[in-house]
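The structure under discussion appears below in the form of structure tokens.
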């Protein structure tokens, strides 16, 4: 079989990073090719090259054997390449139909946008993926899942021959993920060539025919999915074998540190109550949108709860700001690293010391020597890779940025650390490191809350698991009840099997 | 969309209320003739505000609009003095305005300099250029030909041409913004520049076009202004750029880009126009004018942001205790 | 960088700095400004025989001192990602308030107190609207810009306050020592104060953090709203100080006082290398920009070049100093 | 060594001041050893004038003759100039006594005040409403004239002054203010604009409103700029003194004071070349000459001169 699209010798660099170095990629009609690689391997970059957003410095793109250049996203779309990108790339102020058709809207005889055709087209496309959305709705008024459906409809609106999905399931719930798999099957039957990017091996093995592996911006290998094992793929990805994912835990649980009771928020959650102990890892499981992050953000003074009590070491504490939370010894490592965690324009050491300035300064005046000392301690502890401590944080790779963000919270010497989706979008290698590190923290006597949507992680790491659904605690699972089945049922609101 | 409509309806109500209050004491104010007068008076503000709105939609701001107006107006007056026929003058000022806008646009697009810095600079450069080409001398009524002065005030079907130009611009730009790919791309670029790139829209190019449109509108208004007031000098319309931004803000254009409508902007301009025209009629000292429009701006901003605040998810409504 | 990262990987310890402070300073924006300033100084000395004269240079400083005082606070505000366009109007309102106090028979200390308090009050109004209610500062301050000056028009109309008490003229016309005016001394002191505040305190660090990423700063325990509010207080306060100096220098108050100052202040700040998008900039940069602008206007003035030609030059300078490095770097 | 005299005006580009500069050059030619520096800010602000004053001090000019944007705000800067030995006089628009040695009024303020009312009253046999459209609210000379005009108002029974508004010497603002006057006072019979920018804008507004013959625009204007209005009838007559003479006289006075051939003290008479001599009153103020009235009969003759 001949590939529809093939890339040869593609290189692309950013200031300080060679994101791609002479990589190759082939996509075949009616087949799903999985693109696999660690964080920063260059997967999203190749997608952007394929869709005309980046222009490579070297290499060629061929469609049906003819070389072609994409100067803009429109060129790529005209050539039949379409993508659902890793980040949502839609417009809140425009309607659903406009989001689907922006850039290639049907026109009337006078060259104006044909709104009726746009609306009916949108309805048809949405129906084809099983969605019934009013095409006139403002996109900003929709939920995350609906937005994702609009993004898919948009990708299908161009009559593409090549469809690219960059980590499409990261933001979707269980049910939606399965609908997406069905959709991929449909596209395959229509003879489209599909590039599927994912960190989840189970889904890769489930839907892909072929694989291509990148490591550090370089092509490592490709082949048929049926001829490879999970272990071999991991080996190719990281260049070494990763045998054990979850570290051994010493379940050495101490007295209660944090007690929450009757915690409510006007719109986001209600009746939250739990106890957290020294040396414990408490898992919070739920589907995306269950309200876990909001609870954690309220605990850390980012949002204001309407009522409820928080005790630390038995003492009632009122926390109205992150400042007070840090003083009380609770810190929150946010899920959205780029927006809430990292300050990319500031040097690494300033990022690390930001929440601890009260300690490193004297009477409000900075002491740089102290700051560097603190930054040195904690970055070493996390095995950070950087050229100097006054390097801008934004110049580091994502995984290393995450390390700095974690270092910055640890440097405050907290008693309770809350990690919100600490391994979301992180590759296997880094994941294991984070897990090991969490286990270490607990062993040192820190009380850890881990919010996660990944069942293996929740089960593998936690001492106990609290399941949330629609803003409330539905269940608390420990010991023998800690099975995937229990968690899924509780989170989805299905009654315990009779 | 529903919020937007809502906001415009409220603004319309506010204007009606204002007119009503004035009319209660001075019925002559609501004579159609006078209202037409108010509209005619507000036309330059409307024209500029539409241009500014498009620029703001794309996450930029154009502080040089008033200076562009002044420079184009002066050039129109000088061309008139040199005997250039009126139709050609009209074409030339629009082109010149577009070129001045293009300079702004290119600096923003090709060099990535923030628009506020670019236009802060070109604002003084454009105005200074007027001084350079005239040595500061005024062009007065007696130095202009009659047909040059007559065009904006020529009455067609009961309204002066100046008003017709504003009405035409309102219609044209409503269609442009709602019914053409370019118009929608202004919203897209401002609403989510990142996503616009993924959609194949060049953010810089779109911003460039917005500046060109704003410049061309300012150029046309420059002629109208100079012809109507029958004078051209360095300082005409100085400080007008801020009224223009104010009209946009009152009209509900989001300063962060991506949201706003022609009709809202026009009403924002009319709101200021009515205040300016009503104050002397009601007998309030003109010294109050500044404070009143300032308060209106602050209130409008506070109001718009209160309306845009996300309502929260209200996820709890489905979790009644069983 | 990849190479550096690899060598570090084996050693693990990460060096504090790669470049020495002097290397870094040489590559900075301030160095460019310093070169421009020296150039302007040299050109001026050749262009006019009157330039190199202590008293003349001292007179020239009045062209920028008041604006520069505000520019220091404005720089911090812009670094934090906000802007205050109402500063010139605050000057008008402060001056009017002092005029009213003067009519009520207030002496010099009371006048100064009234001036500072009014400035702080205006800053608090802006701060409340922006930091308290979360409104965009650019439009809020366009509104208060009309409002503050509008109030002063309502109070004064076509009248003026004159006859400030003896001794009040010291702030705008007095000399501390030899050719060094009170305003110049105050400018130097404020430069030092703001340099310390921005570059040597936790508050200054918070300002940079907020300007780079306000959400992350908030998550890191910085009281973002409080910092923003304080910054508006500071611009209000420095506008109040500038108003005292300007009123004293003019010896009178009109509602049209200081018209157009806000744009000159912003120009000064941007020319000083402060990113209008927030997150970066320094006080020494602003000091140099103030000196450049002051010397350029004075130099042109000595040649009797009309003010508007100077402003063309400043406009070109503003765009030029930002554009040229970008052009050279190929954007 | 030439005597350097700076003619500092409210703003560059205004026809009236350009004409005054011509007069100053005329005086310079006549005197032979004078260099004129014609300068001013670009917009009519006191701050702008102060920057120019500082630059003039630095250049060591011998005399400054200023038409001020604000009588009080520029006074400290001018006082500094006098402290450094510079002769300072004001003309046209005055400076507070502390900031100048003497002030040259174009004409006596009382006379101007009376003239502008009389010009309106002469064409209103039955009396009626009149309104004043002035320059900026801070313009010294306009404010004095208006004050004088209000004083003599009782001498013109039936003439009713309904409003005073300010066009800030901006053509567009003046135009709008004139429009406002017409819509607010439907019975308005005359608009008096004691400023050349205002009278021009007001006559344009009256022409546009189609009220020629109904509303008479009068006040102070330049013949060259007003010719059209007089021809169309929007303005029946207006008055002005000759700005060329004014610039000439100011230069002569500045020169004489600098050379010490005259001193500025109450009662002193300072020679003004072909314009005779100026006699100072108790405030060290003097008047140059009487205003001259222009109408259809003589406008053609003067419109090419200034």
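Order as written gives the chain letters A, B, C and D; numbering starts at 1 within each chain.
Following the convention adopted for this analysis, contacts are C-beta pairs under 8 Å (C-beta built on N, C-alpha and C of every residue); 3 or more make two chains touch, one makes a residue touch a chain.
This structure is a prediction, so every number in the text was calculated from the model and none was measured.
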Most distant chain from chain B, judged by the mean position of its C-alpha atoms: A
Comparison of A-C and C-D by number of C-beta pairs in contact, larger one: A-C
Distance from chain D to chain A - Cα centre to Cα centre, in angstrom: 74
Chain centre separation (chain A, chain C; CA means) in Å: 43
Rounded Å distance, chain B centre to chain D centre (Cα mean): 36
Residues within chain D bordering two or more other chains: 12, 42, 166
Per-residue overlap in chain B, given as positions that touch at least 2 other chains: 131, 136, 234
Touching two or more other chains - residue numbers and ranges from chain C: 157-158, 306, 308, 311
Chains touching one another, given as label pairs in label order: A-B, A-C, B-C, B-D, C-D
For the chain C and chain A complex, residues of the former touching the latter: 1-2, 4-5, 8-9, 12-18, 200-206, 208-209, 212-213, 215-223, 279-280
In the complex with chain A, residue positions of chain B that touch it: 1-2, 175, 179-181, 184-185, 187-188, 191-192, 194-202, 258-259, 312-316, 318-319
Chain C residues touching chain B - in the complex, by the definition given at the top: 129, 133-136, 138-140, 142-151, 153-154, 156-158, 255, 263, 266-267, 270, 276-277, 306, 308-309, 311-312, 314-316, 318-319, 322-323, 326-327, 331
Residues on chain D engaged by chain C in the complex (per definition of touch): 12, 37, 39-42, 45-48, 50-52, 54-55, 57-60, 70, 72-77, 80, 96, 136-138, 143, 166
Interface residues, chain A side, partner chain C - complex: 16-18, 300, 302, 321-323, 325-326, 332, 334, 339-346, 348-350, 354-355, 357-358, 361, 364-366, 372, 376, 379-380, 383-391, 395, 408, 412
